[in-house]
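Let me give you the structure first, and then I'll get to my questions.
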């Protein structure tokens, strides 16, 4: 859209850069090409049981995510019981509509590949990329079992993972019908640039709660020491 | 009671002691050049730094540090104040060992060293980077006290690097099948994001330079993607790999996060563009107007779809609007500084800014945004920001109905 | 013998060990956000810093530190790398005690605190600052080895501040009599320079902001003048006073220095404009091309009289020329980054760049400059720079006949 | 020329900034307005003898500039005997044309006010603005005597300084006839943007001398550790 990244130039050497860099070897690609797509492209063959997943989880994951993946000490809960059989049938988690409920990973995720891919690339958080493929299968299986998507005796593998995808509670929960992906997509919210007498009654409906006044520390120490707008000493109460 | 401003204190009969008695720096020999050889801000600027928002994240490595917009000027972000968002901490990559791989639907998968990349044709352009979650804490209510926390996941730098289109051409991407690329980082999180091929071929930069020097470690040293106009998470840091594909990848940060919960319970996925947005940075929450009279009211405006066309400012909560000055060069997908004069008469006032971009899009009011998207989204809150000045001159973050 | 490039070393049969064995940063949890809260460059960038030229000056406080142009990108200078020129050392001014006075041929002499100045309407613009003595060591012969020392008294920043014209209006300058202003610093040297009123009313900024934060102490914190297009010494640092007058002031740094000795023994006084100039920053003196093949040749161009219109590059000492790309926004009195592709065939080559500005002025050859101005000037050397690449790939600073 | 510093805006408050800042008091102006112009505007009344200047010089200046202001330990010499009586008569220092001679301050300076102003504002270097007006008069007088412009028994004052100006050896040595002051001034050097076959014979006439190769330190340590253009190890001799 904006400006062409390269201008037209007069140098005869301009496009002679093909020799820079080199071909990647198959072993190199194998070492780095770890992504797993929703259609399971990239998924290595292998398998892992819920049972193995459980013991691995206790060893390598539970300290941060809790024994049942329901802790929010390090991160919001991965699983927490807000998923119903009706959700699994519909492919849409109804409790996402309930603003009083915490939204867990398993409530939101629409593609099981996402879990496999992410655990494989990034977990455990303090030692990423140390799990074998089979270990990743077993951990995904364990998480699925905690959310009652599979039974305790389930063994997840590259062969049956597509069947599990078909059970994922929020598998129909995503839409890509919006104008925010493509540069020329259509905006969904509109305003006008009215200049005069635009709002009839201006009413403040939300203030920062008093307890939050000093919750980010003394704001006076977060502003320049000289300034037409000096920082408020929030260790003092309002208007003091 | 208003605290007296310094210029009033200084109005002694004979004159200001700081003028009548020469300050020490006028009567001494100063310090040597190149000490320090890499310069630092004045010690009087120590309050202006990046900060976390307590309670926002449970860890310090999967967290955010916000830029102190209330203390910044112009459109360029000093690199030392660039906001941070990491998912697994920042890493100190040895540039001599760093590689970039291009694979997938290409004729010839490629590997580049940093030397290789720096041999290639390069571009330099100024762009903003805004986290998709910027202002996310404010979807429901006014929640955080200053513009650092409401809008500080925002920065703007001059980036230098190789156009991604060039690398894709060199690898010979499959012009018939290719539809998407995946960008992947070399840090622990191996951050991955899907990017539309059309966009990848447009203005995306594989960048090593930022504001005249190499990227800072927290910002992806020695290599990051810069995807102009799009939520910051796509501008993958410590970039190690680009894969060309024919389907989106639905990785964790585009399938579990960076999705927008709509009122009907569906999540919008692949919401990417940072739509036009603006904010007044001075005066702003946590500040106090020290006296009545004239002030320069200043702020930032930007649009992920193009350039800033106009910024209007209101002092009465959106009833009446005045068009502000736009400073310097107004560049595509870059921050634009605006300024407007105002006289505070000591009465309560509500300050707002509203940008119109080159597509004609006008920054929405919060209620307009909520009407369509509800109130349980986290990302893409580009609503008009309100700052209320009360009788004592204190400025507070508020939301109007 | 050419040293092998890293990418060739890495061409093992199976692959590069740095790809086959994951680096530590891909397998660990990284560091926290806001540590440090004010960011710093990577430890691998330690070679890129400001340096003095040994023997150029007898003291470290009346001296110069040069910007490492050979390691920089784009047009913005990272503030930590901004060149320095002090006459009596740099000082750490307490901004709460700093004042600006306007006096002389004005209706109402004025005093401003920093708070006062920051209340006033402000502008933000990107401009270069070049010392009048930049490249001065090269008037006679090729003398210094790298572009840091030949051209490093040069920087470009986004400045924010009050238009000087506004302050002069506020003080009510005498429209009939006023012809010049004097700008004066608050440091030991109380640096003073005369500026033409016409220019003072044009685009001069009384600046406090630089690249998004306050000026750095070495660059005049908290207040400096920015006189775009003019030798840097006019952009008085630690600015404390502006006097309006009807005659030039002939102060030390415009009557004993910053004067140009012409062949007839007369000195040109008040030579102020930095005329159009350009330099290739990579490759440049002290560097070595590690192998034959394609390179991005890059550099900077600027003009004190307007914008860069075109930059031509020669690889054969000025016989044949090719027009380079100009990057990003091309702004008045700002640096402009240029790039051009080149294939080194292993034979000796002489690289030059030549800028044409918006007035049609073409950067001169050294012999053209000498024909008019002789060889005993110090200031205003804007001649075409030559870098010779020899068979071993070494690049040297040379001057052609 | 370029862009107007302020756009036209619609705010009714735009130009209501007159109240910002305040008037300077006479005492404040007196404290800071120290400049002395070539026409002696700004010069305070007072006087000082060469003799007083000499002892003051020995005390406060000689350590840096030498007893006879001819040292270049801290700075190039202020005075060094290249000025003739013919120069004083002509108002133009002939030896400035001699490229083998060092160009001293007193050879170049065309306005005596410049010396007065500068010593008053900036010297001594390590304790600027500590001299009285009479002391400045005496120091200027001493420097003038070292350059044989005035005699040893001279007393410089605001009353006779104009006469001294009329004796300044290089008083006619400055020209303002050039195009580098005004934005629209005419350039004095011309080139053309010839594109092909421009130079017939390209000859290098100046190289960096070999001894200067490592004079700025090892250049390898001044370049990025990775780069297509690596730094040369200048501790090794050329081509090694």
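We just call them A, B, C and D in the order they show up, numbering each chain from 1.
In this section, a contact is a pair of C-beta atoms (placed from the backbone, for glycine too) under 8 Å apart; a residue touches a chain by one contact, two chains touch by 3 or more.
Bear in mind that the values here come from a model prediction, so they are computed numbers and not experimental data.
For the interfaces C-D and B-D, which has the higher count of C-beta pairs in contact?
Higher contact count goes to C-D.
Can you compute the centre-to-centre distance for chain C and chain D, using the mean CA position of each chain? Integer Å is fine.
The mean C-alpha positions of chain C and chain D differ by 20 Å.
Measure off the straight-line distance from the CA centroid of chain B to the CA centroid of chain C, and report it in whole Å.
27
Centroid from C-alpha atoms only, then distance chain A to chain D, rounded to Å. What do you get?
63
Can you give the whole-Å distance between the Cα centres of chain B and chain D?
Result: the chain centres lie 44 Å from each other.
Give me the residue numbers in chain A that touch at least two other chains, ranges are fine.
Touching at least two other chains: 6, 14, 17, 20-22, 24, 28, 32, 125, 128-129, 224-228.
Tell me, which residues of chain C touch at least two other chains?
5-7, 10, 16, 19, 26-29, 44-45, 48, 51, 71, 88, 95-96, 101, 111-113, 115-116, 118-121, 123, 125, 188, 190, 214, 222, 240, 290, 293-296, 325, 341
Would you identify the shape of the chain contact graph, picking one of line, ring, star, complete or other?
other
Okay, what are all the chain pairs that touch?
Pairs satisfying the touch definition: A-B, A-C, B-C, B-D, C-D.
In the complex of these two chains, what residues of chain A are touching chain B?
1-3, 5-6, 14, 17-18, 20-24, 28-29, 32-35, 37-39, 41, 72-75, 92-94, 96-97, 99, 103, 105, 108-111, 113-114, 117-118, 121-122, 125, 128-129, 170, 173-183, 185, 187-199, 202-208, 212-213, 215-217, 219, 221-232, 234, 238-239
Enumerate the contact residues on chain A facing chain C in the complex.
Checking each residue of chain A against chain C gives 6-7, 9-17, 19-22, 24-25, 27-28, 31-32, 125-130, 224-228.
For the complex, which residues does chain C have touching chain A?
Within the complex, chain C contacts chain A at residues 7, 10-11, 13-16, 19-20, 22, 26-29, 95-96, 113-116, 118-119, 214, 222, 293-294, 313, 322-326, 340-343.
Which residues of chain B touch chain C once you look at their complex with the stated criterion?
Where chain B meets chain C, its residues are 5-7, 10, 16, 18-19, 23, 25-35, 37-45, 48-52, 60-61, 63-65, 71-82, 84-86, 88-99, 101, 111-113, 115-116, 118-126, 158-160, 186-188, 190, 208-214, 216-219, 221-222, 238, 240, 290, 293-296, 298, 325, 327-329, 331, 337, 339, 341.
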